[in-house]
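Next come two complexes, and both contain chain A; in the first it sits with chain B, in the second with chain C.
Now for the complex of A and B:
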């Protein structure tokens, strides 16, 4: 069951009704049952894994809580982290490792008699694994007490709006909310529905429409010239933003309707003026997780190396981020590129600041525009490795963009709808970035303006959205 | 909460009303459109005018058979009902709609219909769903929940607005010419044609293909199964399969898939799977000769 399916449009109101009919102290239980129903609906066998991770996390966090010695706490924490990571490694990286071994053997003309083994990746495993690790480390760091009610832990790990693609939430934020008296109230309802509506717009009107053009070009790279590939590559970051950003907004909105506050996952990333700022606005929950549990401890460990310690921590963090997405060379290169971009920025940071100060560029429109433009291009360049799927294809993309000119492939209808959606999205974010208090639509005080805005966006979704579109891109991670 | 729910209901009512009004407006323009693809569908499902020869299929037919040339040579009015990307479920509903009004003399159906598995084209029939029982029957059979979605006019005409007003007047009784000059430089480079795939045929699609042929034949129509030429050597196993499927119908076979008089002339192709206008002339001429040999005119 995905957010864009008809089933979800029946499931969600049913959950709200059940939630409303359940006494408030048992509402967490309604959410737990609903979450498992939602997840098992995708593939029942995956539920066993989620339950196993929940049990392990529950037992070990309780043991960590009870342990008196730090060394024992540390051992218990590491054991649980390893247990939690095992399924992720097995399902996500076994096939890649397996393929790699076979490729190497074949290169030396060694034929292996055993067949290759491939597994179906349990949906959402990368997300709930990180959430469970985060909870374990938080208990170890004594940022919170281990939860005594296993049902609440199970709900934290399987909460249906977040389980498939995040945001990767923290136990410190979610568990107290699950334990509190959950109430439906009009204000949450309204905000939640606004977020859901905009999320559907981003996914169905922007992402899935642009996907048609991008898929045609990237699916037939050999037949398209550099100009068409350049256009598709420039559009791809917008598609991915519409996809994951849209999913995140729906997830946050659904949670909000149920009275739960989930952290934002994006904050107008395409208005970032540097890669460092970009990564504070893009996939925030993942980057925050990596910052807290990987980058900060690493930077602390390497502090004696000064700026180079930071560079090393950055490189390791982003290479890990690449591998978190998938165990392929493309993602490794992607992570490496992000690390390089950020490292260069970190190394040049002082000079850039001096330069900006000297020439008073902070408020210069041209400087801001160029910074935004270059940040976008850098991100788009790195995303080629993700969209092209193989390194060979990525190289072909760059080669064609550099050397092969020709008549651009224009699927005018698709591009026209795609641009309508993208421009509305861009204008909305532009307003929010630079004029947050002006020209309000969804949050306008006048009920007529609000209604007209809801109506406009709803009709856009229905009339020009891709209503039979595919999955969300980040499900495969 | 009550006030909020009242506002929510009011919004939903407004949404449905706005959708209906827009639907009426767009529906009007949809029937009046000059857009090539939509005109063909409108003609077949709504404005059909008793033609003698009807051509069914997807792009491999719509860019190949020059209706006006056939009409001129044979004296039999001809319409090319083929539409880009449209598969057998579309063709079947279209044939049923036409046969209710009139029985043509000749019907041609492309065998490429057997391998068209994507069902996106079914949405082209949505504007006719409400008033056409054959369309309704096919759509409901393919997806039982579609009837609920089709309550919304935005779903019926989803993504159609630009197309409705994108009126290229290049439709000549359904035939749409592709430029005579080579669009794809790679075509001229092909010396040894590649071997085509041995496509899987979906049993449901096969059943509908046979139903189409049987329905046309039982109505007294002469039916032709058209094997289009492609710049590849048709896979022998696949050819055997489609020949077997077609043999079980009463259709006559026009097999250009292995015809080297066409395959040997890449200048007749627009791309690997479509003939250009020069290729269309050659193929239409061949079809006219076949009609003559079969005493159709």
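Now for the complex of A and C:
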């Protein structure tokens, strides 16, 4: 069941109704049952996986709590992390490893052909695996006590708004909320529905519309010239943002309606003035997770090497982040690029600050605009590797952009509608970034303005949204 | 080591790391208040503090320090 499916539009009100009818101390159970219903509907066998991860995590976190010596706690923590990582490795990296071995065997002509087995990647596995690891480490670090009710742990790992694509939440935030008295209230309802509406707008009006143009160009790279490929590559980050950003808002909004506060996943990423700032605004829940559980321990270990230790930790973290998305060479290159961009920035940081101070550029519009522009371009360059899928295609993209001019391919309706959506999104974020208190629509005090805005966005979705569109891109990770 | 001495030495380390000679420390100062104090410079800062005071932090202790006041408290408990 996907947020954009008709089923979900029936499922969600049904959950709200059930939730409302349940006495408040059992509402967590309603959420748990709804979550398993939601997930089992995708593929029943996947439920075994979430249940197994829940049981292992429950047992080991309780044991960590009870252990007295730090060395024992640490061993227990590592055992659980390894256990819950095993399915992820199996499903995600098995075929990559398999293909790798076959290629080597074939090269030496010693491959014994057997039927190829492929496994369906359990959707959401990378997200709930990370959430379970985070919980285990937090209990080890004494940030929280191990939860005694296995039902609450099960709910944390399977909570339906988050299970398919995050935000990758923390037990420290979610578990106390699941245990508190859960209530429906009008103000949460309102805020939640606003987020959901805007999320649908980002996904259906912006992302899925731009996808049509980008898919046509990237689907036939040989037949398109550099200008068209350049346009598609410039638009791709906006598509991805609409896709995962929209998904995240729906997930956060659905949780909010049920009275649960989930962390934001994006904060106007395209107004970032450096890559470091960008990565604090883009896919925030993943980056925070990586910062806390991968980067910080690594940087701490290498701290005696000063800035070069940081650079090393950064590189490893982003290469891992690339491989987390998929075990392909393209994602490896993508990870390396992010690491390189951030490392160069970190090494030049002091110089840049001095330069900015010396010429008083802090408030210079041109300087801010150029910084935003270059940050966007750097990100768009890295995303070429992801959209092109293979390294050969990515190289073809850069070659064509550099050398092949021609008449730009214009699919006018698609581009016109895509631009309408993108410009509305851009203006809304521009307002929020620089004038957060002014020109309010969804948050306007006047009820007429609010309802006119809801109506306008809803009509836009119905008028130019792609209502029979595809999957969310991040489900495959 | 006296508290004032710790604060003075720490101020030097901060000024050097963040390249800001006018930076002054207060107990409630946090990373959000200082330009460029992010997860990258933070670990450089920690490394420099360890060198300056000849102490070693544990990773768990880092997670528990939220303000400069916490940091000073932690240094004091380690040097004396």
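One rule holds in what follows: the second predicted complex is superposed on the first by the 477 of 477 C-alpha atoms of A that agree within 3 Å, B and C clash if a C-alpha of one lies under 4 Å from a C-alpha of the other, contacts with A are read in each partner's own complex, and residues count from 1 in each chain.
Going forward, contacts are C-beta pairs under 8 Å (C-beta built on N, C-alpha and C of every residue); 3 or more make two chains touch, one makes a residue touch a chain.
Note that the coordinates shown come from a computational prediction; the quantities given were computed from them, not determined experimentally.
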Partner chain(s) touched by A:6 [first = chain B, second = chain C, both, neither]: first
Which of chain B and chain C A:468 touches, first, second, both or neither: first
Partner chain(s) touched by A:295 [first = chain B, second = chain C, both, neither]: second
First (chain B), second (chain C), both or neither touched by A:189: first
Touching partner for A:459 - first (chain B), second (chain C), both, neither: first
Chain B versus chain C as contact partner of A:122, first or second or both or neither: neither
Touched partner set for A:416, first chain B, second chain C, both or neither: first
Which of chain B and chain C A:451 touches, first, second, both or neither: first
For the chain B and chain A complex, residues of the former touching the latter: 1, 3-4, 7-8, 11, 14-15, 18-19, 22, 120, 123, 145, 148-149, 152, 154-155, 157-159, 161-163, 166, 186
Partner chain B, residues of chain A touching it in the complex: 6, 184-186, 189-190, 193, 223, 412-413, 416-417, 447, 451, 454-455, 458-459, 462-468
Chain A-facing residues of chain C, complex: 19, 35-36, 38-41, 43-44, 46-47, 50, 59-60, 62-63
Interfacial residue positions of chain A with respect to chain C in the complex: 141-143, 276, 280, 291, 295-297, 299-300, 303-304, 306-307, 309-310, 313-314, 342, 346, 349-350, 353-354
